[in-house]
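Shared between the two complexes below is subunit A, which has subunit B as its partner in the first and subunit C in the second.
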Partner chain A sequence: MAKRIGVYVCECGTNIAEKVNIDRVLAAVSPLKDVAVAERHKLLCSGDGQEFIRQSIAEHGLTHVVVAACSPKQHEVTFMNVCEKAGLNPQLFQLANIREQCAWVTSDREEATDKALRQIRAAISRVGYHAPLENKEMQCNPDVLVIGGGIAGIKASQVLAAPDRKVYLVEKTSSLGGKVKGFSKLFTNMESGPGLITKEIKSLLDNKYVEVLTESEVEQILGFLGNFEVKVIKKAEDAELDFNVGAVVLATGFELFDPTGLPRYGYGKLDDVYTSLEFEEMNIPEGPTGGKILLKNGKPPQSVAIIHCVGREEKGYCSKVCCIYSLKFDRMLKAQLPQVKVSHLYSDLCIPGKSFQKFYEDTRGLGVEFVRSAKTEVAGDGKGININYETEGGGKSELAADMVILLPAMEPASDAGKFAEMLNIPRDNKGFLVEEHQLLGPVASAVEGIFVIGCARGPQSISESIVQSEAAAGKILSALVPGRKLELEVRVSEISASFCTGCKTCLDVCPYGAITFDETRRISVVNEVLCHGCGNCAAACPSGAASLKHFTFPQIYQELKEVLR
Partner chain B sequence: MVSTVKGALFPAEGGVRERILAFLQKAISQGCFDAVLIPVRAPGTDSFTYSLVRGESLLENAYPLPPVMSVQGAKAVSSLTGHGKGKKKIAAIVRPCEARATAELFKLGQVDLENIFLISLDCPGALPLADWAKDPQKTEEAFTEILKGKASESLRPVCRICDRFSATGAEDLHIGTLGAEKGGILLIPHSPKGEGILDCLGLTTEADISAWDAAVNSLTGQRKEQRQKFMEEFKSKTAGLDNLLDTFSQCINCHNCMRVCPICYCRQCFFDSDNMKFAFADYLNRAEMAGGLRLPPETLLFHIGRMLHMSLSCVSCGACEDACPTAIPVAQVFSLVGGQNQEEFDYVPGRSRDEPPPLRVYEEDEFEEVEQSCAGASAQQEAPNA
Partner chain C sequence: MSNKGQDMPVLVIGGGIAGIEASLLLANSGRKVYLVEKTSYIGGNVIKFEEVFPNMDCATCMIAPKQQELLADENIELLRLSQVESVSGSAGDFSVKVSKKAGYVDLANCIGCNACFEPCPVEVDNEFEERLAKRKAIYIPCAGALPNVPAIDTDNCLRFKGQECQACQEACMFEAIDFSQQDEELELKVGAIVVATGFESFDINKTTQYGYKKIGDVYSAMEVERLCASNGPTQGQIILQSGQPPRSAAIIHCVGRDQKGYCSSVCCMASLKLSHFIKNKLPEVKITHFYSDLCIPGKAYQKFYEEVKESGVDFIRATVTGVAQSGKERVINYKTEDNKESTLAVDMVILNPALEPGSDSAKLAGILNIKQDRDGFFSAKEPDLTSIATVQDGIFIAGCAQGPKDIAETVAEAEAAAGRILSLSK
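Then we have the complex of A and B:
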């Protein structure tokens, strides 16, 4: 069938008409081969303009349409819909951007007209080579995968689980509860951590819409918002579980900076130097001392020094919760050992927020000493621990203590790297997973459908982690409505079986895991559901086997040929 | 270059060829490998071709270092294993450039080296195929002189400036003959498989390799100098579109250079495909625009396209130039362009089997100067409107 191309040039009010001589453009374009009609309109994106194109398509029996107007970012979809309404496959359309890329950036009217003409000729030449790609859609999957069974993961799962939405909660250890389970008291109300988390875990386990997978590792996640394929290994049973979800929440938590690397704190060398988490453990009834604060020799300490900011300089950030929970430690110490002498060695005290100031003042009232210090060094002489430090005035001073509690920095959990790589989520230079936007997208990630909450993003308090759980859950609830259809990308990659040499270069450059290798045929194969049509494979393929639909070699050649003519 | 490397002495008598063959024969009889893939002189003829041999035919007809490179060794290895490995263990005897091309093909999934022992040799260079076809006897005599250590202008131009004529790191085992006195050859392992061959022969890596090392280093230095000098001059003759058009003006579009290139592994060359065939009207358009059109078209584009595809993996083996019926210095152009591109990425093709090809690796902080110059250019363009 002969091609019948319609060309419509938009005046865009005065935006285009002022800079481009549209009559000259139409006069040059009309006689071109295959052009059936070429016309101008005041504002093609308006209802009137859209109707004008629709009628013209029918009247002239067009097979292809070119619109010369604004950026495809603005109205490509608008005009593709017009084509569809007129019964034309929307891919048989091309937009020439003569506003942003021409009228707005070219000062001379003659030059702007020449440039517009080149762009329109290129679009006409290209559109004749377009293929009518068929729209594809699939059911959106409302289920959610939550990775990490700490407080953040538990709270997100609770909000999300519902009769029409299943939640898979994957935890690599054998039990839920994360770090909070080990905190005997929580600031500032001194509630029991295990008590609080046990209630939350129970409510989660009672929820039949949550499948809890402990001792399990996520092996693979492929896909996009509404359609992720997940592979989980259940380590205890050595079994593999495959399922699909629509969104993924990463709540992989934190670990403590290891103070062994900083010998000046004596950690690992001296008996009674503990990290904050070890001190917490000492305070829970199931802990090694049955909940009693004891030295290694079995006696209670007479004096305790709490050293702040361990690793802050090395890591390059403040972990923001240590100062606050150290005040909680004071309360725990004084409650159990009213006579104990407690000294804080700190460089900056960070106690923001409405409830902490009072907590701090009340703690001071218990007779706790706060010493501003620098260059702290912990040494032992076999009898006790001696701490040397520099005072605020620059002088040298020292302090004896039976027990030292270090407050090390919070680091991303060791899994952060694994998930960053698996999901293509960037990490900051400290190793934390990066949010989509610090201010505007605090719980979303750079990958649509993947959310990052709690300490996986950076140091957070329990309440902040929970706020983020609920925020991510809210975003997921509004995006993954059960029954909603997802429109799939039709401009996807295809790999020619007869050209592919099986070098696997495309597998290395595909950011979506959309290409697999067929070992029997020794060629690469594209999964069209996972492909986003980024074109990396087509650019990297050394043998011309990979090409991108709608951006094929002949289509691009036709366009370039006319632009450069 | 390889001073930390250790080697073993395999005792043998005779010329280089005899000593190498004695080693291969011994290794086969000890069961170190089952057969050898090696250039063989077809009995009663002047043609060399890679063949799988063992026993008598190995000793009588095999030439580990033939005077010419009639088939690139990497092509031989890929035709044997490109569609999967076999059960037999095969020792492939190749020149260093062939070993490096094989390593590149390995990275691109075009060879299976699991049951291949890649063994390279100190390479004296090869003579042009055309000379051999014209006068085999005279060419062989010239090669005999070269084997004795004589520098010769009759070597192929890329061989004369080759600075990677010895161990490369891509092979399992390297045979060192340079600077070594008669009485044996040095066996220098570069992989557990190479070490396995020494174990199999009951050899230990205790040989004094300093004389070989010194000879390799000294010749490498000389060649580097020669290469630099040559390339400076050659660049002035070939750089720029006009010079490039001149250089390739004799091209008859036979695509032989592509067919013999070990790295050109596409099933069908893009330039032979329908993607490069256009309607009559297109050609007419182009002829009108340019004031004329050379037919068949895309002759220079083919070479530039091949440079774009191949230059990061080009090992300067010279096969393309040997195959050119119109004596275009294809290999020299590729060596010049390839050398520059490889330097940009700090990449030496075939230096290691594990080093990924540069275009598969994304590094955020590379080519910042290019980014900056682009940013500068666009800032300048935008300035008048700002």
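Then we have the complex of A and C:
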């Protein structure tokens, strides 16, 4: 069928008309091949202007449309909708931006007219090569897999579960509750961690839309947003469970940096040097001391030194919550041993936000000492522990203590690596899983449909972890509505099976994990559900096999040819 | 579990990054959203920053796609120049009264060409540019403000002072300016409410020791943001009142922290960002930070600090006791923790103030019957568990209206509020 292209030039009031001689433009484009009609209008985006185009498409039986007006950011969608209303596939449209890119930035009227003409000829040349891409939809599964049975995973499961949305919560150990169940007190309300966890687990187990799988490992996750196939091994029964979900939430939590690697803290060598988690353990009734704060010799300590930022320099980041939970330790110590002398050895107090300062001031009122220090070293002589440090002014000083509590940096739990590899999610140089966008996509990952919450994405407080579990739920509830199909991006990449040489270059440059390698055919394959149409693969492919729909090489060359003519 | 109000519209109060994110998620799920914004545009505080830490993303570029998505979303009804006047009812069934001021510019006709500015005879201080520049009585509040239509400042427009001026109306070729528009009262029925009214900066005029507004070349951090901005009053040139670039600058952290009684979370990073801006443009400037504790929490910020420090920026842990003028220089008097007093002479002083809740928080807390903490931020029912749920079922808070926080935390809270509203669990 012969092409019949309509060209519409917008005056945009005087915005374009003042700088571009539209009559000259129309006279130049009207005789071009395939141009059936070329006209001007005062304001094409107005209701009147849109109706003008719609009628013109019908009247002239157009096959393609070019509008020369403002930025596509402003009105590309407007004009694509006009085409659709006129019965034309909206992809058979091209916008030439002769306002922002021409009239507003070119002072000479003749030059501006020449430039506008090049832009419009390029659009005409390009639009003839557009393909009528069709919108696609996909069925999706609203169920969700949550990995990790700590507070973040438990909360995410509760918010997500519903009669039309089943949640599978997989925990590798034999019990739910994660780290929080080992915290005798929580900041700042000083309520019981086990108490909170017991309540939350009960509410979770009462929820018939959640299937809790403890002592289970996720072996495999294949698929994409709306359609993941999951394989779980139930270790106790040695049984395999297969099911499908639409989204996955990773809540694999944290571990502490191991201070054994830093001999200057004496950890593992001296009695009575503890990590913060070991001190927590000492405070729960089920713990090794029955909840009593005791030295190895069975006596309560008379002095305790709390050393901040253990491993901070090695890790290269601040673990955010150590300062505030160390203040909680002060309160636990003072509650049990009112006479105990407590000294903090720290460099900077990091207590961000509106509520921690008061907690700090109240804690300080209990009689706790804060010593600015650097290069802290812990030594023992069999009788006691001596801590040498450098003061703020650079001098040397020392402090004796019966007990030392180290506040080690927080690291991602080891499973973060396993799932990063399984799901193709990038990790930062510290091992934390990377967000889709550090600021705007805090709980999403680079792979659509996979969410990362809590300490798997960096040190967090309990409340921040819970907010993130609710946030992941928000993203999932918004995207995967039971019974609703997912609309797919139409301008996606495709890789020609006959041209692909199997070099795998595209796999490395795809930020969305949308390309997989078909081992039997030895070629790369694009998953259209995951592809965002960024074009990285098309640019990187050395054999020309990868191309991006709507930005194909012929389309781009046709455009360039006229711009450079 | 209850299903009450599951299909009801949602009211979102505040069109900053939190309100935008919550609205988009709710609308995408199929819910109708009313977004009430008191100014004429959406974008909030974020669009005031040319770049945001730690990756120095261009802020307006970063959120423009979200703003545009919101404006194009048929499920979202944006009520600009609007304020919530009353709320009654309970979760799943709230009745809300909203007053909507006339904007006098027709959104459907205006193309944002700015032709109306030139003929306007009124010139006043531009508050967006921290009063470092002028604007007209009809104006676009700031770059990045969307929808891209001008606002009319009825406090200063001659027409609203009883004069016959119609200069802007005559200049508009699209008949977009319509002085016959009337204020409206709207009645909305909604199932849930998200409060995302953001923050304001502590008023440095409440302090005396820093010489703010009394000594020349003492600036607030926001003023320096605008001086550094390529679209700001000096096109990004950092210059003193003399027109000369500074040779030295002092950045004072924690201004107002003692009065407010809390750490504002983001100011250390914001101060480091100013160092980064200044060093980028004027590598020879000697910069000194005066701080007490460096608060750069989380996995992402330390690296930025190290880079700034390596660019040759000094950090002095001290309390600034006063700023005085001495000839052409400003002299910082400070006391270190060992009680030693010293001074430092600089060309430029930059004060980084605490963050405060929005000024209408108290009124809104009364209307919504939710609680404020002692600092005026909205308080959560169980802040140690989740910062977003209030004492009122169905009413959630997100972002800096609840307390100072960075953009990532703000966005997470907005998504969390949407999550709780779309969830069946209570």
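Observations on the structure shown:
The rule is short, and it goes like this: the second predicted complex is superposed on the first by the 321 of 565 C-alpha atoms of A that agree within 3 Å, B and C clash if a C-alpha of one lies under 4 Å from a C-alpha of the other, contacts with A are read in each partner's own complex, and residues count from 1 in each chain.
FYI, contacts are C-beta pairs under 8 Å (C-beta built on N, C-alpha and C of every residue); 3 or more make two chains touch, one makes a residue touch a chain.
Keep in mind that what you see is a predicted model, and the values were worked out from it rather than measured.
In the superposition on chain A, A:S543 makes contact with subunit B only, not with subunit C.
Residue contacts after overlaying the shared chain place A:P352 against subunit C, while subunit B stays out of touching range. Contacts of A:G61 after superposition: neither subunit B nor subunit C is touched.
Of the two partner chains placed by the overlay, only subunit C lies in contact with A:N15; subunit B stays clear of it. In the superposition on chain A, no contact is made by A:P288 with either subunit B or subunit C.
Comparing subunit B with subunit C, the partner in contact with more residues of subunit A is C. Shared-chain residue A:R522: touches subunit B; no touch with subunit C. Taken together, the two complexes place no residue of subunit A in contact with both subunit B and subunit C. Interface residues of subunit A facing subunit C in the complex, by the touch rule stated above, are 12-15, 43, 45-47, 70, 73, 77, 158-163, 186-189, 191, 196, 207, 312, 316-318, 320, 348-358, 372, 392-393, 428, 430, 432, 435, 438-443, 457-459, 462-464, 466-479, 481, 484. By the touch rule above, subunit A contacts subunit B in their complex via residues 105, 107, 498-505, 508-509, 522, 540, 542-544, 553-554, 561, 565. Residues of subunit C that touch subunit A in their complex: 21, 25-26, 28-30, 52, 54-55, 57, 62-64, 66, 68, 72, 108-109, 111, 113, 115, 173-174, 261-266, 293-303, 317, 336-338, 373, 375, 377, 382-388, 403-409, 411-420, 422-425. Chain contact summary for the complex, subunit B toward subunit A: residues 83, 108-110, 265-268, 270, 273, 275, 282, 285, 289, 309, 356-357, 359-360, 384-385.
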